[in-house]
Amino acid sequence: MEQVMTRTIPNTLSTPFKRFVFRWETFLLLVTALVFFANTQISPYFLDPWSLSDMTFNFSEKAIIALPMAMLIICREIDLSVASTIALSSVCMGLAAQAGLSIEVICAVGILVGIGCGLFNGFIVTWFNIPSIVVTIGTMSLFRGITYVILGDTVMSDYPSEFAFFGQGYIAWVISFEFTVFLILALVFYVLLHHTNFGRRTYAIGNNPTGALYSGIKVNKHKVVLFTLVGAMSGLAAIFLTSRLGSTRPGIAFAWELQIVTMVVLGGVSILGGSGSILGVVIAVFLMGLVTFGLGLINVPGIVMTVIIGAMLITVISIPAVLAKLRERKGRSV
Amino acid sequence: MTINGLLKHRESMLALVIVILIGAVGVITPDFLLAKSLLGAFNDTSMLMILAIGQMLVILTRCIDLSVAANLALTGMVVAMINSAMPGVPIPLLIILAMAMGAVLGAINGFFVWKVGVPAIVVTLGTMSIYRGMVFLLSDGAWVNAHQMSASFIDFPRNTLMGLPVMSWIALGVVVLLFFVTRHLRFGRDFYTAGGNPTAAFYTGINVGQVQFKAFVISGMLAGLCGYLWVSRYAVAYVDVASGFELQVVAACVIGGVSIMGGLGTILGCVLGALFLGVINNALPVIGVSPFWQMAISGAVIIIAVIANAKAERAPGRIILRRAVTGAADVNPTTATAVAKS
Amino acid sequence: MEQHDAVFSLRDVTKTFPGVKALDRVKLDLYPGEVTALIGENGAGKSTLVKTMTGIYQPDEGSIYFQGAPIVVSNPEDARQLGITAIHQETVLFDDLSVTENIFAGNYLTKGPLKRLDWSAMQARTREILLEIEAPLDPDALLRGLSIGQKHMVAIARALSCDARVVILDEPTAALSHHEIQELYAIVNRLKAAGKAIMFITHKFDEIFAIADRYVVYRDGAFVGEGLISGVNEETLVEMMVARSMTEPFPKVEAAIGEPVLSVRDFNHPTEFADINFTVRAGEILGFYGLVGSGRTEIMQALYGLSKAASGDVQIMGQSVQIKSPADAIAAGLVYVPEERQQQGAIVDLPIYQNISLPQLNKLNPLGFLREAGEYELARAYGDRLQVKASSWSQPVNNLSGGNQQKVVIGKWLATQPKVIVMDEPTKGIDIGSKAAVHRFMSELVQEGLAVIMVSSELPEVMGMADRIIVMHEGLIVGELDRRDASAERIVGLATGGIAA
């Protein structure tokens, strides 16, 4: 029964157009455009370049962490300790500044502390095989707690004056330094997730950790690297935030972890792991920035924005779930 | 030793650690050992205990409720505002109202988990922000202070009954009631079956989603109860009440041996986990350590506790060899294979 | 054999899953006080049928009759109410709960107006049931600590605890020892005497003739025939069950057997296996036979670097190798096609080409950047060679049939150009056509000089394909037989611990 293959199997069936239309990112882009348009109607000041530039300061630091966080969540893990890592990093930079060290050393301290925190999370999660949500709830208290121990209720603000550039400087016209760094990092993480072996392994682990292990992927090592990346980016964000505020308080970046996770999930990354894209996260970052900024323009207080962002998170996640249920019901009745 | 023995062992270990902790503090400051201080520590831990029990039911079903503290703040604000506007409303009615409202807020979480199929962590992350923000919308950012509250509103949890404050009695009541429910009613056992093995539970005719919904409703109801207790005990209601407390609650569960993977945990463990944190919080100022240490210590304790629990929980390797069967009675849990769980 | 006699019947029931028609207009009748054997190969639709009968799946078409009246079993609770109870193939029990609670979960005995759980009554009843089935278990013991056989006893006790009218046993003997199987027969006979309608699912013929009154045969999801056991013989049943695969012998091709490729010396594990010694040569298929749970899979997984507790000397091409992870194993030329295709073998949500390239991304893209053209090339080369049927190489593996999924997994490993390929139950749950393709392919591989280890619990497969057969029992190698000396009786005797090695 020798069967001759009469037709060859194509590499792919879907066209680029089809792939574009049926994507979460396209939907997000539409929503973002709508919000953008609404903002222009709400306030005449919105389209002012300086006001748009101000907007970027509100989200760049969080967005920098959202990029590796997206990869971590795709890989079925999560890090809730990022805001506390920022706090610890910031305090250590404050100590370095107090000791009169140079700016380069201060920045290195910030990033190294972040890396240390990420490594710590990664090792505890992989060595003991504990769900990362529990571990990072613990380290969230631990890292923030250490900043309280060091700072008490004091404030550190003796940073060298040139340090202000990172969080307040512009590289050209209205384009801020930290926004530029975010854009570059977005590109780097886009390539990392979508165009490297490392990124492919991230998806494989997120879809099926056991299958990935059986396929020869060093799952634990991979996870430690991702945790470390998140830590390093938290350290970087700490530099920007500390520089922008010009001071460190123990409550710095409080509750940011939830906003960052919201950005990631809104960007179409499945909280159960295995799917999502950097493009989606970047659009979600802008969407959240625009919503927050637009509400700010009409003087809605910050806490109310959390209501709207919380509602947005649940609604946006529910839409595909509800659609899937409806489709299933329809399919059953046929 | 059987696994059952090990579990009991784990709880008695935790109890022992708490006793040693109390003893150690007592050596430094003998006053801490007075019945008054110990009962005070218990009373201070009441709300954590109540919330941890609610949280445990949710975690048993493989979910998590991060909205409890926000729920508490919202219901607390509502009852405080009612009290200041209408001081005549009797306290028991206010408590019932708080619990009903908390249950509704919990039901909203449960609805999204059960009927829409959104992961619990996403839902409660969202409602956590929403409920907290609603406190602001409701109060316009204003505080409800002690002088705006009626005397009975503030006094109720402080009244003593047979030597114990009402607050402690309420906590004890919740502990006993839920111990009974989780041990002796089908309603309570369903949390264990639905979370322990959802497939098997489904085969058994248990509606897993519905059980998760129930867990959220109870967790919300207890958060509502604590909403009143908190506002009355601290005689103030404002937006940031109990901010971040949800993590302490999860921590109490984890320390008490509740497995985040679901299906495993006891009321006694929760109580001990909460007491452990409570004793530390109470002991620090007593032995003259800055309260700023509190957060770092509880963080370290959470990590140590999950590591200890993870080691105890690790499934032993499959026993195939006959010669291993004879020794199976005291299988060393460290012989777990790498693939035992994934 | 009229319909009014049957207590439970199915007519024209169809159930379709993406890519597979699991049940195709099947019929079934079960009669009180009789054992009906449902016979079929893996993939015949037996487990789907059980799940449809117990309300876990809803049929797409067709009707179900209970005592002559049409019914809808919309969930497992409905099935239980009707008295339809099943002992499922996979353990659907609660590891962290006690034996007693596992028996009564969802159906607790209660007392008083509060409907308090009556633990003491449940415990007493548990003792009774356990005594009845002669299973010496402690009602308070947690399930986690029990052996597979003991868990099975709990599952049976659970089925007996409610007043069942229809009892389904889905391959209950797969993991049981000879003695335990005899005990099971006794239980089945007692149930029969009590007037219960019993459906016994198996593909072992000795069991069918020992216990059943009637038979129903399914093949590839379709009804083939039914009748009384007294009016049929084994040959007829086999023909109905496997149709062409019996007329077509296994595509075994003699290959030149060469140098040892893999040799394992004094391989031990504290609880799973001991004293494992074997060698497999180039061009050879080495079969590992044993009951489910006899330690075969555990040995293979330990060789593949998945068990930290195992120790011993492993040599590949005469070189001692330290395999601490699957990555080490792949690098040393040892690959493993696991039994659990969906969980372990493939990343089912990823496209075919990504599955095939996954183990060797570093080799394909040494700089670390993906080049999809290279991946497609690899997928095409190996996918075509294995005759994978797919609409495109970007199709997720999940949308393929079981057989094609298995071909993707095998293709993935061949693409790494291994020296030894371990196949754990390579044809489990795949259709007959794919089965033959996998067997044919195995022969091709050894002709090319590969060494193949085939773990299987299907006797015909082992006897048909292997050059040498190692038989395992309770974690030990109890016999090693050459192809020529192997008889079914000897192999089964060794595997059940009947004949001393």
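Going by the order they are written in, the chains are A, B and C; count residues from 1 in each one.
The working rule: a residue touches a chain if its C-beta (ideal position, glycine included) is under 8 Å from a C-beta of that chain, and two chains touch if they have at least 3 such contacts.
What you see is a predicted model; the values in this text were computed from it and never measured.
C-beta contact counts were set side by side for A-B and A-C; A-B has more.
Comparing mean CA positions across the assembly, the chain most remote from chain B is C.
Between the CA-based centres of chain A and chain C the separation comes to 43 Å, rounded to the whole angstrom.
Centroids of chain A and chain B (each the mean of its C-alpha atoms) stand 30 Å apart. Multi-chain contact residues, meaning those touching two or more other chains, occur in chain B at positions 339. In chain C, the residues that touch at least two other chains are 306.
The residues of chain A that reach two or more other chains are 210, 213, listed in rising order.
Remark: chain B residues 2-4, 183-186, 189, 192-193, 196-197, 199-206, 263-264, 315-325, 328, 331, 335-339 touch chain C in the complex. For chain A in complex with chain C, the touching residues are 3, 5, 8-14, 191, 194-201, 203-204, 207-208, 210-218, 274-275, 332.
Against chain A, the residues of chain C that register as touching in their complex are 58, 304, 306, 325-327, 329-330, 336, 338, 343-350, 353-354, 358-359, 361-362, 365, 368-370, 376, 380, 383-384, 387-388, 390-395, 412.
Every residue of chain B that touches chain A in the complex is listed here, in rising order: 64, 112, 116-119, 121-123, 125-130, 132-134, 136-137, 141, 239, 244, 247, 250-251, 254, 260-261, 290, 292-300, 302-303, 306-307, 310-311, 314, 339, 341-342. Of all the residues in chain C, the ones that touch chain B in their complex are 54, 56, 75-77, 79-80, 88, 92-98, 101, 105-108, 110, 114-117, 119, 140-142, 144-145, 147, 269-274, 293-295, 298, 301, 306-309, 474-476.
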